[in-house]
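Both of the next two complexes hold chain A, though its partner changes from chain B to chain C.
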Partner chain A sequence: MQALTLFRKTSHQESGFYALFLTNRLQMLYYMIVMPSALVQPYMLLAIVAMGVASQLCLYMLSKWFATPCSAQGYQGYERLFGKTGIKVLALASLPLLLLKISFISISYAEIMHQFVFPSMDREWHIVFPFILSCYLALFGMENMVRFVTVVFIGTIWIFFMYIPYFLLQSNSIHDLYPLIPVGPEPFAWKSLLIVFSSFSGPEFLIAISYWLNPQRKMLKYLTIANAISIGEYLFISIASLLFFGSKYLPTIKYPNVEIGRYLQSPIFERVDIILISAYMFSFLYSIALFVLMIYGASRLLVKMRTSTTRIGLIVSGCAAMAVTLTISKWFWEPGLQQDFWLDLQMWTGSATYLLVPLLVWIAIKRKTRTTS
Partner chain B sequence: MIEEITPIIFWAVQGGGEEDGKITISTLVPPLIKEKKRVLSLKVSLLNEGNKGFNLTYYNELKAGQIRLLFVDEAYAKRGLARLINTVLTDPNISQRLYLVITKGNFNEFLAKHLGETDNIDYYLYRMFKHYEKKKQGEITVVNLHQFMKMLYSQVSDPQLPVFRAEGEQFLYEGTAFFDRDSMVAEIRGKDDQINQLLYRDRFVRYLVLPDLAVTLGHIRAHTSKKLNPDLSSLTIDIDVKGRIDELNSLARIEDTFQFAALTQKIERYLEEKVIRLLSQMQKLQIDPLQIGGMTTKPFSKPISRDTWDRHWSTMKINVKVRLHLEPLTKVK
Partner chain C sequence: MTEISLEALKQRLTLMEDAEIIDRETTDGLRLTFIYLGTLIDQERLNESILDPLVRSFQSSVEKSLTTAKISSLSNLAQAFQYLLKGSVLIHDSSSGRWNAIMLPNSLGRSIETSETETIMFGPKDSFSEQLEQNILLIRRRLPLTALKTERYSVGSLTQTTVVLMYIDGLINPEFVAVAKKKLSSIDFDMFLDSSHVAAFMEDHYHSIFPQYLQTDRPDSCAYALGIGKLVILVNNTPFALIAPITLFHLFQSPEDYINRWLVASFLRPLRYLSFLLSITIIPLYVALTTHHYQMLPLQILYVIIESRSKLPLSPFWEALIILITLEIIKEASLRMPTKTSQTLGVIGGIVIGQAAVEAGFASKVLIVLAGISAISTFLVPNYLVTKSSLLLQFIFLILASYLGVPGILLGLVAMFAHLNGLTSLNQPYLAPVSPFYWRDWVDLFVRGPLHAMRNRPEALRPLNKYRMNRRSK
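On to the complex of A and B.
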């Protein structure tokens, strides 16, 4: 039996499409379902576009990283850019961020499962089972995981088309989308802007796996397409839910996407929303698997392991992430106050990492080129 | 497994007038199985108390997941539906497509007359609403839970619901109930109801019966354009009606084009008058079941408040213009 090498790389062909799919799926993780009625006012549609443009700036900085030769060299590349201690500091900083992200998305998803699909089951089981599946996925190694994103993308993008009927409903009226600009003495929506920006976050984690993406100079093109698709999807879903509920009814609804799905009717199967929720699971599982692999990689950097990667190591990382998630879910995630706290926390960290990580890398590259030349 | 549960198709809620605030909730079991039916009826103070109580009086577990209709007594609706609707709305098993219906008369007695083994009255009622819900059927008002909630939540407008009367073995469509926020305040019937259908979202009416003019218009398709003055002082409604004359007491009256034009004009005036009467009734009650207030939102200005809208709406001048495009009669003698 050949040695298990989770982080091996065999292929060298160009793979811009993987980056495209990865960027898009990581961006569509939150708002699609978790971010409840954050964008209730019609004028927030403009915020989506504005934050999409801001996100494009971050992606531009990211593409600078992909354009350097360092990005294709894996560990050596980082070492040249940040130095040995720098990497350790970065790995240490990334661990809590990854854990928070994993916990947040898995608990949020578990809660939806719990509320709509299996109300009589404990929420914790909805965390344990996906984690087992994710660890199984992660065992296939990073290279296979990166390729698998194609399946995930095709397996979830169709949900988008399920929302088309909501544009044709009789009870819709264009007046539900007005006013388009904020009017009157409403509190400035900086927090909502932050939510939208953090819902575009996620691609910054691509830095950690750039080695497997076989980066090249054209990466910006793929990232831009992915970003445009995400903006389109967010706009589409927001407009659909505004038309469906109206801007006064929408704020009272916690999971607009799911509630909209419940209105679909099929002659064969009554609860179409169950299928939709299960389909969302695809990208959730995938992201958790990807992040667990990253946690394993980061912790290996920290403890200076020279031996090859092992299954046990990965499973231990997965279990650690699951333990953190279960702890938060069990004791620190009461609906209401604490849940809002986690949403806020995720919103802040998501926005911060999306802005700072590409910036940091960009500055490092600038400094590097200045010192070498 | 499946034999051990009984899905139910409707709930009927009555009462609420007593001092203790109790309501009577009833349903019919079993649905669709060829078995003697029973009316289950309980006097409770909370809706789900009834739900639980049914399970204790019947040998199967009743599942609300398939519930399709909610019949609410007129008296209950007049006191406000919000509490009832909220209960139904929070149950994740209950579909948003649940039809809401206001009933008059003794609904339980009507049910009691349909207890035969093959008489699936509950299912037939559901089929009826399902049929008329389709876009191009302007026969009866059909409103589901989601539409009701959307109308209720929209800042300046009010919901409407269909009204049925249970009378002996019959269940008759009476008209449309208008609501002020969540409580029923008025009911319209007959021609008014049909005009309401034309003005609202169902823009197709199969027959527009006008006994006053001894005329039946058929296959009516109306295009309504409503325009509000910027200062909310007047509302202009243009209605283009396409259709044909299906019935006329004396065909001799329209033998030549002059007479035909005269008849058309007469119907136009008549309809205009009816529309104005209906709208002024709404104005008097300060309700807006036609969602005209929704049109006050504009891309770049602040939405107006309910009070402001009520003030403008109750004094608004209404101009109605009906244009009738009737197909000329052929092959009649």
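On to the complex of A and C.
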């Protein structure tokens, strides 16, 4: 039997499509949970465009990393750029951030599952089952995981088209989308902007898996397309929510785009939203599996492990992530104040990592270029 | 090496009723001994082409007397038995002490018939038989190329089964051939009575329920596979060839796809994928909806289901499980029975038992309808092995649906795709061209594009010659 090598690389297929799909799916991860409640006024739609542009700047810096030969060299590449101590510091810093991200998306999704699909089942079970499957996914190794994003993209992108009917409603009026520029003195919605920017975050973690992405020069093109698709999706669903609920009623709803899914009907299913919410699981499971693999990789870097990767090691990493998630869910995730705390924390950390990680890499590349020349 | 001696041969041939040892003297005084197994050789040809010309010959040796026959000179006992057991006549010339062998295999076998497992309305009707040489001929007729290579291997310590590896040199990726050769050379087992046994030893993941080699008895399918850069493995005494590397999507392609108009084929192919998904999810979905998500059903459908289930003592899971197991019993029984009896069984099983189950209160009418749709859907998939795999998947999904409802089915689907993504056939990814992503190959994936659009061979196979058309004619 072949030895388990979770981080091996065998194929050399150069495809920016994986980067495209990964970027898009990681960016669309939060939207369903957090963002619509933050964009309740029509003029806030412009925030999506503005933050999309800001996101493009981060992706531009990220593409600089992909253009360097270091990105295709794996560990040696990071070592050349940051040095041995630098890598350890980065690995150490990434662990709590990854755990927070995993916990936040898992609990948020479990809460939606609990509220809309399975109220009779404890929320914690909605965390445990997906985690088990995520560990199974992760066991196939990083190379398979990166490839699998194509299936995830195809398996979830169709959900976006399900919202088309909301644009064709008789009751819709173009006036629901006005004013696009605030008429009076509005309070500065910096928090909304930050939430939107945080929603665009996620692609910064591609730095950790650039070795398997077979980076190429055209990477900026693929990242830009992904970002454009994400902006389109955000705008599309936000407009649908605005048209359906109106800007007065929208602030009262916690999960607007999940709620509007409840009004979708077909001749066979009256509650299509149950299928949609379940199908969204594809993205969440995939992201958790990807992050668990990253946690395992980062832990190995920290403890200088020289032996080959093992199933047990990965499962322990998965269990650790699940334990943190369950602890937060059970004791620290209560409706109201504490939930807002986690949302704020994720908003800050998401925005910070999305801004700082590409910036740090960009500066490191500049420094390296200067010293070598 | 043991030298050949008449005594040693006779000793080994004791209690072999079909073993014949005859002595003849030629007109020129040459004393010859013929040893053969009567059941393995063509006796008529032996008399007409070997015995008669030799006895009447005035030549001083067997080689000079039989100028048209292919004579092999034997040097040791093991070689002599090898020839003997493959249908040769051993000839011993007592004056010179030389041993020769002439192949005269009995050509007893089926004639070329129509494929029963992959029937098509239009297109070639011939199929493989159990005779290896005939099978090679059927492929060679379609691909008259010197580049079409055939390499022979012998597997099985007891059966000594001949396996032929076929590929088009200069077209196929040499990596596939190297992997197949390595796998074939390393096979160590005693009996190989079917090509599936060879496949079992060559598969990368033998625990998986998905076949990693495509079994077909159609020479045209094999020729097409060879032509796009795959390899074919023929196994003696079995009418099913193995094609590799394959992907999941190849299992949903029928030879008729390339005979039908492309638009018609493009409509039928997604229908097969859909029917496969239906066959594994429709009954679990019924269980999920009736157990956990009543609210998903429109009121009119809900009335029908409630009315249908109102007198049932069993929960939806047990109801579905009983019906599915009964259905499988009927399907398996009809396969094992003689053709005419199986038709009766189908009628009794399908209609009488189904009706009685509803009236007795064991199953709802809705479930019977869904079970029927599910059973028929499985037959749309051209590959029989996938049909059988879908059965197992259906039961797994059923358990998931009964405990976790619709999310359970989705969990199952994700796990299935993750498993498929991890599979390989001859070390090549099983979900290509979706994962890894080769967008150019999509022209023949979910739809069957027009042949004019299929200018390139599948990129996922990385053939040495990518183009199917003369590039100047583009």
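The definition used in the following text is that the second predicted complex is superposed on the first by the 368 of 373 C-alpha atoms of A that agree within 3 Å, B and C clash if a C-alpha of one lies under 4 Å from a C-alpha of the other, contacts with A are read in each partner's own complex, and residues count from 1 in each chain.
The rule is simple: a contact is a pair of C-beta atoms (placed from the backbone, for glycine too) under 8 Å apart; a residue touches a chain by one contact, two chains touch by 3 or more.
Keep in mind that this is a model prediction, so the values were computed, not measured.
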(request) Could you look at A:Glu259 and tell me whether it touches chain B, chain C, both or neither (first, second, both, neither)? (result) first
(message) Contact-wise, after the overlay, does A:Gln170 reach chain B, chain C, both or neither (first, second, both, neither)?
(response) first
(request) Based on the superposed arrangement, let me know which partner A:Tyr178 touches: chain B (first), chain C (second), both, or neither? (result) first
(message) Is A:Glu270 touching anything from chain B or chain C once the two structures are fitted on A? First, second, both or neither.
(response) both
(message) Just checking: does A:Gly155 make contact with chain B only, chain C only, both, or neither of them? Give me first, second, both or neither.
(response) second
(request) Determine, for the superposed model, which of the two partners chain B and chain C contacts more residues of chain A. (result) C
(message) So chain A touches chain B in one structure and chain C in the other; where do those two contact lists coincide?
(response) 265, 270
(request) Spell out the part of chain A that touches chain C in their complex, as residue ranges. (result) 11, 13, 15, 17-18, 113, 117-118, 129-130, 133, 136-137, 140, 144, 147-151, 154-155, 265, 267-271, 274-275, 277-279, 281-282, 285
(message) Considering only the defined contacts, which chain B positions touch chain A in the complex?
(response) 65-66, 92, 95-97, 135, 146-147, 149-150, 153-155, 201, 291, 294-295, 297-303
(request) Mind listing the chain C positions that touch chain A in their complex? (result) 292-293, 295-299, 301, 404-407, 409-411, 414-415, 417-418, 421-422, 429, 431, 434-437, 439
(message) Quick check: in the complex, which residue numbers of chain A touch chain B?
(response) 115-116, 119, 170-171, 173, 175-176, 178-181, 183-184, 244-246, 248-249, 252, 259, 262-263, 265, 270
